[in-house]
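Below: a set of structures, written as structure tokens.
Shared between the two complexes below is chain A, which pairs with chain B and chain C, respectively.
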Partner chain A sequence: MASDPLSELNSDEQVPERVVEVFRRLFPHYTGPVYRRLTATQVPGWDSLTHAELIMSVEEVYGVLIDPASAFDYADLGALLDDIRRSSM
Partner chain B sequence: MITVARAAGREILTAAGVRADCRRVAGGLHRQGVRHGDVVLLFLSHQAGLIPAFLGCQWIGAIPSFMPALSPRQDPEVWLSSHRALIDHVSPAAIIADPEVRDLLADGRLPVLSLADLEAGEVGGDDHPVAYDPDGICVLQHSSGTTGLKKGVALSYRAVLTQIESYGAALELTGGETVVSWLPVYHDMGLVACTVLPTVRGLPLVSMDPFEWLVQPTRVLEEAAEAQDALVWLPNFAFNHLARHARRLKPDTGLGGIRALINCSEPCRPESFDLMLGAYGDRGLRPAQLQTCYAMAETVFAVSQSRLGAPVRRRRAPGPGRSPELLSCGRPLAGLAISVRDEDGREVDDGEIGQIHVRGPSLFDGYFRQAELTKTRLSDGWYATRDIGFVEDGEVFISGRLDDVIIVAGRNLYAHDIEAELANIAGLKPGRAVAFGIRNDQTGTEDLVILAEAERGGDDTLAGPIAERVRERLAQVLLVSAREVVVLNPDTLIKTTSGKISRNENRRRYQLDELKSWRATP
Partner chain C sequence: MVCVVGDPYGFYPEVRGIRPPFISWEEAAWLATYAKAEGRQVALLEQTAPLLPGLDPWAHGLAGLVVRFPYLELRAYWHPWLSKVGDPFDPDRIRRQFEFDLAAMRRSEAGAGWNSDLTDHLVATHRQVPLFYTSNHPTADLFQRLHARICTDLAGQAPLDPVMSEWAQSEIAAMGGLGFICEHPLHDAVIDALDLQWAREGWYALWQRGYSVTAAGKLESARSLLMRAIEDPDHDPHVQATLGNVLSKLGDRAGAARAFGAAHRAYPQNPEYAKAWLAHFVADDQKLSARIWEEFAARSPRPKPESAAGDA
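Moving on, here comes the complex of A and B:
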């Protein structure tokens, strides 16, 4: 694990293992790879409610709160991770 | 007083402010040619102007109807196409819409106005609203979630005001309560219980954005704890969502002063109440604060309401075997009669299961411009609800549905609509798909499952791409994500003796894992 937990969000390619763990727990019917450009239509059960669960779980992993007004604007998983990173600044 | 509580800040509207904004909207609509009896569709996201817009229509005798605004995750073109048939059917005289969809909705046939434009106008116009006809249409409430033509439930002023009077009596309102809500106003619970009721009864309203609530669920409890004698209506899944995130509640928040959290619009489940009490018992939440309501748009809203201040009764449905425990939905409102009938239409005894029929002064007048559909549901003053249940000691218990309705997070999705939407997915055999709901005990709502037969000549390598196309269609058109899309070998789905595909039998075989499928691996 990196010394600064948030630094692992800086990668433009990788989804941190802790986020992958959250993702697997919330979407047990999805068995494919978890990558930054993954979108809701590719994942069974990724609806508004599980989207909110995903955001809250990732917030708790990194100890940050994102702006709820933008919480449903993300085009893909990477956009959520970028917002988490920005929220910590 | 209305408080619009958003993460970015609070906005407070006084009665005088609402009245002035309402008159501006009324004046603007009148200048655009909207007249008494015309329908106005409101495609508005959560904002302070919702109530003035609604009342502004009624000020000049027009008929308002809230519609779902464009969701942040929805394709604008798909959103528009899902409403086009309804707009053509209703033929509104005007549309009031958020600025970002105004151009999209404008096709030159009718004025499409933004609320900002209307509210910026002169107050002008008449000092008083037009005299209303008690039997005139007060509001059109559209059913949610279907892709076909939504049913417009036409509600008269008499029905709405009777409901507010009798529901207020059932709740034993004193005038000191505050309504706290995150519910969308295009839903009957959000519109009637959380907008019309406080407006007519003069109760303060604290209104939150539905999407903000999803990611900050405990805020509704914090707002309710700060308000006086708060009343909060919630669909069943919201109890589970709140219980899962109890640790987010601010440390100094005590819930003992909340008047009631009322479970409505999905089957009310005892285990969801137990989860809430387990999660918030140490914050002062008591069983007597968790209440239930049986409601539908066709009766304006409530049919029955549990007695506030006492724990809700629990009972198992009659019949052989050990059936699931049910929560009482309380006694029918004054003036509303309930008749439970068997398959032949004969009334059954107390404690026996049948279809619930309702009659009374708050019943709707029919589905808007859908006379044939109205005839199938409304007969001799009785409305056939399609809900299955029983009455015991005067209290109503609901145990299921006759329709193939899948209720996902408070939204009614009709299986036949979903199946029709899958008729032209590349790789699937047209007309050979079934949709059904599977209970999810963790979320407290239902998950959608799709079984669909592949076309002949393919192989299981096509399952993944076909399933992805199905998911894409469901997400874009219905804003729903299936728990599982199972692509089946051709000729796998079971038919009934009349040749129709059997949802019940195919669901049973799915649950027993008996289907020979190309399981889609995303």
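Moving on, here comes the complex of A and C:
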């Protein structure tokens, strides 16, 4: 693991393994690849509730809180990760 | 005629007794085309959701009028959903879920081209008045506002039948009680975390405390609280069902039958109340039980051989 846990969010390509684990737990029926451009319409069960759960779970992983007002503006999973990274600054 | 089109909507028509016609997009296209050919107006009411892109233009093209309206949902009120995310009774978690609920509703309102009137109203009043029966069934207060705005948007596009705008408003206003879909009160932790004053008053508070102590196995305390709740003339019949369960566990079969009977008469659409009433009313009389079940079956709507409705 990197010394700064949030540094793993810097990648423009990879989704950190810890986020993938959260994702797999919340969306067990989705078996495809977890990548930054993934959107809610591609994943069974990704609705407003699991979206909030996803955010709260990723917040717990990285120990940050994001502004809920922006929670439904993300175009894809990568945008969520970017917001988590920004929230830690 | 009102139809519900496409996924992911679904109803439980056989047990709930309500069923807007549930049709596919192919059927909707055929109906719309037919209605327009007959010179009738076709309006499409599209419910917007925070994470969905909305209908394609071809779907809008089926109708002469298109009005979008927001999906309203308050997940934080009913804790079973929260159990998926760690401690369901963590007040910070409940409040955080509430904030996400508000953000989702604002997003839905924005998707409908509305401002945040409904969400703002909810924020301003949710501590004083109940605004949801279940996580996605608004009470009359919110529902009237939703309906009024839909009518306003429709009326902006075409003359509106007063039946739709006026009669429906009075029907919504006349909706009493909690409706058959709300079967249990909010959890203490939710009431405390969100500081819901309305839930701390009158029969609701007694019901809520009675429900809570029932879960803790304190049946005599529960009976006392629930008996006081039903003395309130405004109490909702769901209280009777909770009382029925308590009396049944205490061995008071006749009392349980009376309580479940009251709940069943108030909410005949709820099959659980009917079954509970019957189980306690007929006691061990198998013949009487069989006769009553036959009567129920004769009254119940028969399921269609090929139901198009899926479970939501």
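Note that in this section the second predicted complex is superposed on the first by the 89 of 89 C-alpha atoms of A that agree within 3 Å, B and C clash if a C-alpha of one lies under 4 Å from a C-alpha of the other, contacts with A are read in each partner's own complex, and residues count from 1 in each chain.
Heads up, the rule we're going with is that a contact is a pair of C-beta atoms (placed from the backbone, for glycine too) under 8 Å apart; a residue touches a chain by one contact, two chains touch by 3 or more.
Since the model is a prediction, treat every value here as computed from it, not as a measurement.
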For A:F72, is the partner it touches chain B (first), chain C (second), both, or none of the two (neither)? both
So in the superposed three-chain picture, is A:H29 touching just chain B, just chain C, both, or none of them (first/second/both/neither)? first
Touching A:Q42 in the superposition: chain B (first), chain C (second), both, neither? first
Per residue count on chain A, the busier partner among chain B and chain C is B
Does the superposition put A:A52 against chain B (first), chain C (second), both, or neither? both
Intersection of chain A interface sets (partners chain B, chain C): 40-41, 46-49, 51-53, 55-56, 68-69, 71-73
Chain C-facing residues of chain A, complex: 40-41, 46-49, 51-53, 55-57, 60, 68-73
Give every residue of chain C touching chain A within the complex, in rising order. 49-53, 73, 75, 81, 84-86, 93, 96-97, 99-104, 106-107
The answer for chain A against chain B in the complex is residues 29-32, 40-53, 55-56, 66-69, 71-73
Using the touch definition up top, name the residues of chain B that touch chain A in the complex. 6-8, 71-73, 209, 211-212, 214-217, 237, 241, 244-245, 248, 408-409, 443, 445, 447, 468, 471-472, 475-476, 479-485, 521-522
